[in-house]
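Each of the next two complexes has chain A plus one more chain, namely chain B in the first and chain C in the second.
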Partner chain A sequence: MQKLGDYKLPQFFNYPPYFTLQPVRDTREKQVQLWKEMIVDYCRTQKIFVIGLEDDFPLFSNPVIQRFLSHEAREVFLSALVSDGRAEWLDKGHRKCLILWHRIQDWAEIVLQFVKDNGLEDSVMTVEEIRSGIESRGTELHGVDRTILMRALKLLENKGKLAIFKGTSADDEGVKFSV
Partner chain B sequence: MRRRPGIGGLQTAAAARDQYRLLGENVAKLRTDLMKEQLATFRAQLEDFARKHKNDIRKNPAFRSQFHEMCAKVGVDPLASNKGFWAELLGIGDFYYEIGVQIVDICLATRPHNGGLINLQELCNLLRQRRKSDREAVSEDDCLRAISKLKVLGSGFEVISVGKKKLVRSVPTELNKDHNEILELAQAQGFVTVDEVEKQLVWTSGRAIDALDTLLEDGLAMIDDGHRDGKRRYWFPCVVHLSQYEFSLTYVET
Partner chain C sequence: MGNNRLFETATLTSSGRPVFLPNEVECQLLSNVDLEAEEESSSLFSLQSGLLILTTHRLLWFSSSSSSSAAPPVSASIPLASITHIFSPKKSIKSIFTSHRIRFQVTATDSRSVVIKVVVRGKVDWDGFLGNVWDCWRGRAWESFDTSERPCASGGLYGTDGSVRMVGVAGILRKEQEMWETTDKSLQDAFQDLNALMSKAKEMVMLAEKMRQKLLSGSSTQTSSTNEDEIGSKEEMHDWLLSVGIVSPVTKESVGALYHQQLLRQLADFVRNPLERAGGMINLIDIYCLFNRARGTELISPDDLMQACSLWQKFDVPVMLRKFDSGVMVIQNKSHSDEEIFNRIRAVVKKSEALRAGISASDAAITIGIAPAMAKEYLLSAESKGLLCRDISPDGFRFYINLFPNIDSLDVYLEMRASSKKWPLMVEQKWWRGGGQS
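Moving on to the complex of A and B:
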């Protein structure tokens, strides 16, 4: 199997027609399904959170068979992920896409688990510490996209599990847990 | 017997005919009886053989295939019923039933990709992958037998020949001669272009496009507009071109 870094590419990736948007409905459905799964899978293993449509995202082309996805195809596949709730457009022009290989609710759960694992039930922490502090090392929170983290935290805030407040520096926020 | 004219003569002739007829019938009966006896002997010997070589029949696909041929010659079908002597002795009724179910499964799973037409070789490979843990090996012959049993159930399965290859069809889509020729042409590279079809098969552009569009609509072909020469290619997943495009279809559930 071909690999991209340490990621094992599914075999459809080497079949040229999959890089052309198929006109026949059933075939198209299958095609979209395969691409959706691969994109989410790849992002999860490589910890990629944002895909830019104009970028040189490795999955958008396969030099071995000399094929690449048209802009339209990229948008179709990513839009399908958005419809599934596994991605969100970050801009109206659909140029940047946030990939939710964990849904926001799942990230919220991960934060809660993180709090419990580290005995932070009544503590205070900055947002930056949550995603890059020592405790985060080895967890999925390490290096998580800030937008995603904020969304997860807001979700938890709505549930009364924590409170977000402005920190000392201009652009860093803090969190008081009350789990 | 001297032929006598008149009614008496006719009666004698009729009696003679009757006698000949009876004789003929007796001879025929004798022959039939003899044949029945021979067949009964054949069958008994076949049963004996099957008993002795039960393991070989189970384990060895080539042996199994020859055994089937022998049975066919004598008019015995070990798969005719799941009950009865043969099924019990060999237990192979279940074997083919199992394969049949797995084949149906594989065809259904791969249908979105190949439109319901799959290369027999590929089908066998997928079958073998699925049965990795089973002790009994499966040959293409076994697949064909299982499929012929499926046909009897009226499940719409059919094996068709395209060029040198055999394809298993699991959808009602009929392939006409034009489609068949395109599939055969596609075996060389796994795809065809409209130009190629026109040139190689000596067709009009309309005929080529018509046939290709139908194959596309039926899900048997996929388009590829990504080549730098700008020519649209029609790929046929059911025609496996043995190269880097060979699929093992990892998304088939096991």
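Moving on to the complex of A and C:
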């Protein structure tokens, strides 16, 4: 349990059938729903953005009752999140999954709010600064996954709220806000 | 149509097979048979298109109703003893083209003398049937039944019928001698030809039993001298005993095209005892073994068994074939209900031990009182109804009571402690105080 840090696990985490993919339709639906919520909740509190299926993701096993999710089960639950729009597969082999505990639109809103809060309406910033600069400390943007941030920025770009441009170094892009 | 008031009706088992008298053996069965009674050229009654069963004791006629119809079944039972004369069928050119018929003179229940005409339509081994009729009538099997009931006379050296009574040591010796002589003659007669053997079958069975008893008692007293001959003959005896079974097996020969129909009825009758012993449900494979074992000879094939069981739904028998999702096939009483078993399962999985560790199929079999193979089927069935859910792990395939519907998603948080195995018990307190959710 130490691995889960300060995360409060739900009661049913110790219910052994929770870790076996249920075949009966109604039972399965409930099981999937519980897993989806738990995964999203955990990722949000722990600021986890990517889950690798073969990794030792702490939620997928419970050493106390000696149970763990099969690969098939993990894929089922994560695919359910993907169908809900709360996650995306990063590769065709379904080995890595991007968890959107905020949807992209929500991240975009957060960026806008961030801009307004810091008076950056007409300024320029690098992408890196947005996610790790001094202003970002204490906000949800701090340490956000780069892929997610880029997607949010692109969304805002399409809405005309900003413009993305290539910076001096190869992997550092900049953003000009015109909120 | 006319009502049959001249003869008694025949009784049927709950599966539609006739109830036989003691020692009565079925010889042949024909379908599509008319039974007509005439008295001085006027027709008294006529029963159309039914089943005719010839036995060693009687001629039975039943109206053929394959499914439970509203009209009560009609039947007639004509004791062979009441046949006073069999008319030889007139062979003429006409008889080749018309249906087969035979006429008997019979004494009815009201002591009238009537002529019974049996008309058989369709293809049948007529000569064979005629032969059987004559054999059964002449065999007078009902008489040997009567003689065994005659009470023994008592007192005096000479018995009531004038024969010398057996008294004293000489008497015992004489009795032994006579018994051996009859046995010997019986054996000789029996093995003369197969027909005779069949008719003597019952006697042979009794003889075999006696010999078996003798062999068993013999071996227990002679501990030192066990020569090979004895062992060999003992084994032979055992083998032979195994091959004697149901007295009147329904065979393809005696029933012809109705083989499956009569088989399914006989099977339904047979199945009742094993069903009761097994708690209301029994595997098809087990029945296959038990039924064939009881038959001894004239074994039925798995296909015949499947066919017979599948036909049960078309006929009015109290048993049915049931196929589980997993493919397992069982036989159960029509009146059997799953609910009762599910209630028992429900009670078992709520016990504290089951809350903590679940139950396996073998646990269920023991605590609920059903066969292990059936237990798994029931647990799976309960799972599909949402009563249980499964837990597959290196510990095996286990079932827990289904708590998923009761979980209010992530609202219910609990700080985990080291001994978090307390959770199921807390569940019990939280959700079952006051006695049970299903």
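One rule holds for everything that comes next: the second predicted complex is superposed on the first by the 176 of 179 C-alpha atoms of A that agree within 3 Å, B and C clash if a C-alpha of one lies under 4 Å from a C-alpha of the other, contacts with A are read in each partner's own complex, and residues count from 1 in each chain.
The criterion applied here is as follows: a residue touches a chain if its C-beta (ideal position, glycine included) is under 8 Å from a C-beta of that chain, and two chains touch if they have at least 3 such contacts.
Worth saying up front: this structure is predicted, and the values here are computed from it rather than measured.
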Clash or fit, chain B versus chain C on superposed chain A: clash
Which superposed partner A:9 touches (first chain B, second chain C, both, neither): second
Which superposed partner A:49 touches (first chain B, second chain C, both, neither): neither
First, second, both or neither for A:38, with chain B first and chain C second: second
Touched partner set for A:89, first chain B, second chain C, both or neither: neither
Superposed model, chain A: greater residue contact from chain B or chain C: C
Chain B versus chain C as contact partner of A:17, first or second or both or neither: both
First, second, both or neither for A:30, with chain B first and chain C second: both
Selected from 6-14, 78-86 or 114-122: the stretch of chain B that, after superposition, runs into chain C: 114-122
Doubly contacted residues of chain A, that is, touched by chain B and again by chain C: 10-12, 14-17, 19-20, 22-24, 26-27, 30, 34, 64-67
Complex contact set, residues of chain A against chain C: 1, 8-17, 19-20, 22-24, 26-27, 30-31, 33-34, 37-38, 41, 64-67
Contact set on chain B toward chain A in their complex: 112-113, 115, 191, 216-217, 219, 222-228, 233, 235, 237, 244-245, 247-251
Interface residues, chain C side, partner chain A - complex: 358, 383-384, 386, 389-395, 398, 400, 402-405, 407, 409-410, 412-416, 418, 420-421, 423-424, 426-427
Interface residues, chain A side, partner chain B - complex: 10-12, 14-20, 22-24, 26-27, 29-30, 34, 64-68
